[in-house]
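What follows is a set of structures to go through.
Next, two complexes with chain A in common: one pairs it with chain B, the other with chain C.
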Partner chain A sequence: MRSRNTLRLGALVFAGSLVLSGCLGAEEGGDGGENQSVTIFGGITGTEEVKLVKEAVAEMSEATGVDVKYEPSRDFTTLIRSKVRGGDAPDIALYPQPGLLLDMSSDITPLDDVDAGLDAASETLIPGFLDSASKDGKVYGAPIDQAPKSLVWYPKQAFQQAGYEEPTTHQELLDLTDQIKQDGEAPWCIGLESGPDTGWPATDWLEDYVLRTAGPDAYDQWVDGELAFSSPEVKEAAEAMGDVMLAEGNVQGGGQAIVNAPFGESSERMFEDPPGCFLHRQASFITSFFPEKVQENLDEEAGVFVLPPVEDGFDGTPILGSGNFAALLNSENENAVKVMEYLISDKFGTPRYEAGGILSPHTTFDTSKYPDEVTKQIAEQVNEADVFRFDGSDLMPAEVGTGSFWTGMVDWIGGRKDLDTVLTEIDESWPSS
Partner chain B sequence: MLKAINALLAVLAGVGGGFALYLILNWLVERLPGRWEDRIKPYIFIGPAIVFVTIFLVYPALRTAYLSFFDDGGEEFVGMANYVDLLGESSFLNALFNNVLWLIVVPAGVVIAGLIVAVLADQLSTRGENAVKSFIFLPMAISFVGASTIWRFVYAFEPEGRAQIGLLNAVWTFFGGDPVAWVQNDAFRLNSFLLMVIMIWLQTGFAMVLLSAAIKNVPTETVEAARIDGASEVQIFFQVVVPQIWSTVITVFVTVLILTLKIFDIIYVMTGGRFNTDVIGNRFITELIKFGRDGRASAIVVMLLIAVIPVMIYQVRQFRQMEATR
Partner chain C sequence: MTTTTPPLAPDTEVSEPAKPSGGKPRRGIGTIIVRVALLVMVLVWTIPTIGLLVTSGREPTVVSNSGWWSVLSSPLDFTQWTAQNYDEVLTAQGMGNAFLNSLVVTIPATVIPILVAAFAAYAFTFMKFPGRDVFFIVLVGLLVIPLQVAFIPLLQIFGEIGIVGTFPAVWLAHAAFGMPLAVYLLRNYMEGLPGEVIESAKVDGASHFVTFWRLIIPMSTPALAAYAIFQFLWVWNDLLVALIFLGPGENEVVTVNLSTLVGTLGSDWHLLTAAAFVTMIVPMIVFLSLQRYFVRGLTAGSVKG
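Then we have the complex of A and B:
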């Protein structure tokens, strides 16, 4: 008898929970129609950053009357693929790399095909920005923020006390470097370590120098794979970059130390007493890695100038930048289209820009809303720049842009391989199809 | 909250369902005439397990092998191209070579270190032995990622003129050396060997426990007989004790070998495969997740699978022999 009772109990529990979970499951998903909420999935992480994005999203919810949720993930690049493949795609995704976005274009609704205010946005956006997320004449994504990368930071107090001046040409930059060396100090702080992404800061350096020595047209060909890494143009740029990075005494500990230093920490050394170095080339977001007392008083503690142009190179000042691109994955959700329109307009994101570090991708944004003079100055320089180009490694195929380009730079700068070998190896890793 | 309740119900339904399934099937079989009941019953109980192994292990393995002959999207048949490409790349061959090094050095290192600790601890008082063994066993409780993070501090490097926060460099510079970027230094694969030390450190405790038990099981008569015959302690150890614990040594060696075949975490955390330290486990993750190249990633796993098969066969045989002698 005992086994019979157990059997009955088992069956009862089984059937009961089956029915119940069915009911609850239906309740969760069955919210259709006009009040459909919108989920945004993105790679903007970090407690402070997420808080600001959520504030901006709340502002957007209020303006559009749509319930919007932001879900951040550190593993965005991996998860977005598996989410879309697994039928669990978010309504909107924020791609940090337009290369990945275009790679997944078959899952994305082009902005030309929906009523999401593309024309209005393209008028206010920094010219050239949308090109990074366009393919075959269609626009698949639009930027929601930007972080200019061609910036050189310096510790303002110590820099001025030593009587140094901001250079305006590459030669002046090299002269300044030598002058600092003669004064017995280390001129540059450079760090490439970034966990599994180690090497990316060096790819930014090289991109900046390709823009400056070979110019934007060559840059575009290079990014598209038409101009080889081993071409004289790219090699010349790498050599110009090597003059700054690898000359004896330019960085404390040389190439091995550069490869070893975490990119964020390396910037802090500028503000040691006495300064560990006087120059640091990094994107606008690096301010969030500065020591707290510097961040509180950014305008007085930190100075910044645009990496100067190279003589005999491209005639003008190019700016290299990056940003997050919004893409529409579920156009059947009408509210998602509505949210998209707001997201890519110059209205979105004010709480983020007021906190500093990142900038609006729209030229129409009111610069007086930026929190400090440093950010305002950067915004002006970007708006005045002759050429804007998106971070090339984010546009190249992943095997190169997040693979051989990173490791190649690490091998070269760490002194394990010479420049020619590295450039040829990167060329060989470029996927054939 | 709703999700939590749903999860709980799912667990209940799953466990209850499994339970009910066995009960129902058992009840059905009991209705059969006696002879048939005995014939079918074993299959009723082993059947579900086989079904699950087939669905979750055999099928994915076959599917992976199938995909390894296709392109990155899994759409176009490319024959052996993935294998040919991979085996023609110096970086992949390099990873293979590193794997072979790992497979030789780590299991051997673990067995030797475990044996030394087990033998030496055996000479201590019971209390001392327990204390020492507990200490050596402690790292077993740490995950590979956790251990790697700890060892990052051991191998940390700062340029000359800055304070050395890394243990190894602190000692090194104390004795007058210049700071060395340990994990970047691949002369004679030094950095790979330094990473292997982490795994040996982690697994020594496991080897020690098994080997120590085996040593204690060696009959004292055999040792005493050898002593009376005038054998030295070293001779006794190698010619009397070791042959008697050999099967345990093999078990430990093979277990660590299989663990080493799958090595990935330590490389990923410490170097990400840079500086000539890559292994196939890490290469697989890179191809699949970073580059989205399913075909190549599948080909890598298939090669790994083929490499494991001989080890598995050997272990199963060894296990059967042990069962037979018991």
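Then we have the complex of A and C:
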């Protein structure tokens, strides 16, 4: 008897779930036509971050009158491909890497072909951004946020008490490093560990130095694969970076410790008492990893300057940055085009910028809306920068940009391989064609 | 990962008393070795879980500065414990909906393969038709095919029918890939059922249908329950299939929702420790309530195969 009851219960639950799913399915297919909703799929995750994106999206829904949903996933990079292939593509996708976006350009409607306000956006955007998402003269995506990367952070209180000053040239940076060492402290905190993505902070360092020693033109060639990693230009940049990172005593524990330190937590040591280090080069979003008491009082506790230019290198201050790019996957949904227009304009994202850490990619954004002086200062420096370039590893083919470039940097800095070997190996891993 | 631990415990429990009874009654050095080995096994298997549990109750800043074992020196110092991680996980956006979705996915994905596999196992055991053994071997051979290699073709097929992103896609994927093991397990079990019962039913004029529902299903409960536990745990804990065929959004399941708690740059990873225990609750209930079938079902099926 008992088992029959169990069976009945099972059948009941089964039937129940069928009905339930039927309802859910109907709900989904129900809308269409005029009131078609729009789904945005992106890689921005985390409780806080998603909350802010959803607030920004809600603002957008109100302004455009379209029902918009944001769906986040940590596995955006793999999922977006399988979704498109399985016929379940979102209307709009937010690509963290323009390289992937251009790879999938055959599935994306170029912004030139629809009425999504590309011209207006290109006037207000920081010059250089749209180039990273363009191919064969067509623009496939536009940035919705940015995080400048060429920044060096320091613990303001301790830094000023010790009488240090912000360097304005590479030589001054090295002098400052030596001075801190002579005072018996460790100058730099650097961490490369980031789970499966371990190594990316080092690629940003190298990109920053290629921009500074060889200049933006060489940088573009390098990113396109025309300038080899083993070329003298890139090697020189790597050596300049090595002067900072790998010189004896510059980082506590040396290269081995750099490789093993989690990139986020390595920044916290600046704010210990006494400071575990005085300098940390990392993007604007690192503030969210600072200890809470520092975050609450960012202007008093933290200082920041742009990684200084190298003498005899490029004449000017380049800024390296990253950001999410919106791309239109379903242009048949008219509402998606409407949403896209708002998304890439300077109107989108205010709740996110007000929380700090990331910045608007538009020069016209009202900087007074940023939460603190530090962020305002960063925004000004980006707007004044002579050259803006997008994070190169995000533009290179995936085999290199999210593969051998990461592991190569880890091997070199960790002391397992010498620089020449690493650079040659990265060149060899560059896909032919 | 943690769910692989429970199946071990009952299994070892069974084999342990069986050994002395089989050999000489002397409880010598052998028993001690077995006991010690068991103890070591249990420790090795549970320590990571304990570490996870301890970590889930600590402040994120403390977690990054010291190992979980450091609490062992002062476990009663309550100031170091916090429920903040659990609070954040349970109140995460869409969590209630995701829990419901997980049930909607898991229950049919467990019931469908059991039902179909029971039919198939019956046919393979009690019905005679040409090519029966060949079919059976081919079906069992499918056990070696990993689900991962079938993702792209499946996606294309599902895309064609237009069910990607809906529940039937996951039901089908899980049911199909759970089927070979289910058929194998159930057939081996049914083979061991007393043939006289089935024969006398036949003599009494029972059709296959009646024999199946009235005799075979009630008699196979242990095997059915054992497989149900297995399948339930797999489907409930699955992230990959749910991520690819359902994805994030309205239909997301618990595992998918939890994975988005971690920030874009890997911040807030400490929430995953609490999340692991939150997802564990349902499988724990299922396992504990069905575990007496589990041991019986597994041993019965395996010995008589």
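Criterion: the second predicted complex is superposed on the first by the 405 of 433 C-alpha atoms of A that agree within 3 Å, B and C clash if a C-alpha of one lies under 4 Å from a C-alpha of the other, contacts with A are read in each partner's own complex, and residues count from 1 in each chain.
Quick note on the criterion: a contact is a pair of C-beta atoms (placed from the backbone, for glycine too) under 8 Å apart; a residue touches a chain by one contact, two chains touch by 3 or more.
Remember, it's a predicted structure, so these values are computed and weren't measured experimentally.
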Could you say whether A:I44 touches chain B, chain C, both of them, or neither, answering first, second, both or neither? second
Q: Once the structures are superposed on A, label A:G403 by its partner contacts, choosing first (chain B), second (chain C), both or neither.
A: first
Contacts of A:T198 with chain B and chain C, given as first, second, both or neither: first
Requested in this report: Pick one for A:D103: touches chain B only (first), chain C only (second), both, or neither.
Outcome: first
Between chain B and chain C, the one with more contact residues on chain A is chain C
| message | Going by the contact rule set out at the top, does A:G414 touch chain B (first), chain C (second), both, or neither? | response | first
Report task. Have a look at where A:A257 lands relative to chain B and chain C in the superposition and call it first, second, both or neither. Result -> first
### Message
Touch test for A:E265: chain B only (first), chain C only (second), both, or neither?
### Response
second
Going through chain A, the residues touched by chain B and also by chain C turn out to be 3, 6-7, 10, 13-14, 17-18, 20-21, 24-25, 28, 195
Seen from chain C, its contact residues with chain A in the complex are 61, 64, 88, 92-93, 103-104, 107-108, 111-112, 151-152, 155-156, 158-160, 162, 164-168, 217-218, 221, 243-245, 247-252, 256, 259-268, 271
Per the touch rule, the chain A residues reaching chain C in their complex are 3-4, 6-7, 10, 13-14, 17-18, 20-21, 24-25, 28, 39, 41, 43-51, 54, 69, 71-75, 79, 82-83, 85-88, 96, 194-195, 197, 262, 264-265, 268, 285, 288-289, 291
So, in the complex, the side of chain A touching chain B is made of residues 3, 6-7, 10-11, 13-14, 17-18, 20-21, 24-25, 27-28, 77-78, 81, 103, 195-196, 198, 252-254, 256-257, 259-260, 398-399, 402-403, 407, 410-411, 414, 416, 433
In their shared complex, chain A is touched by residues of chain B numbered 2, 5-6, 9-10, 12-13, 16-17, 19-20, 23-24, 27, 71, 157-162, 181, 184, 186, 268, 272, 274-276, 286, 289-293
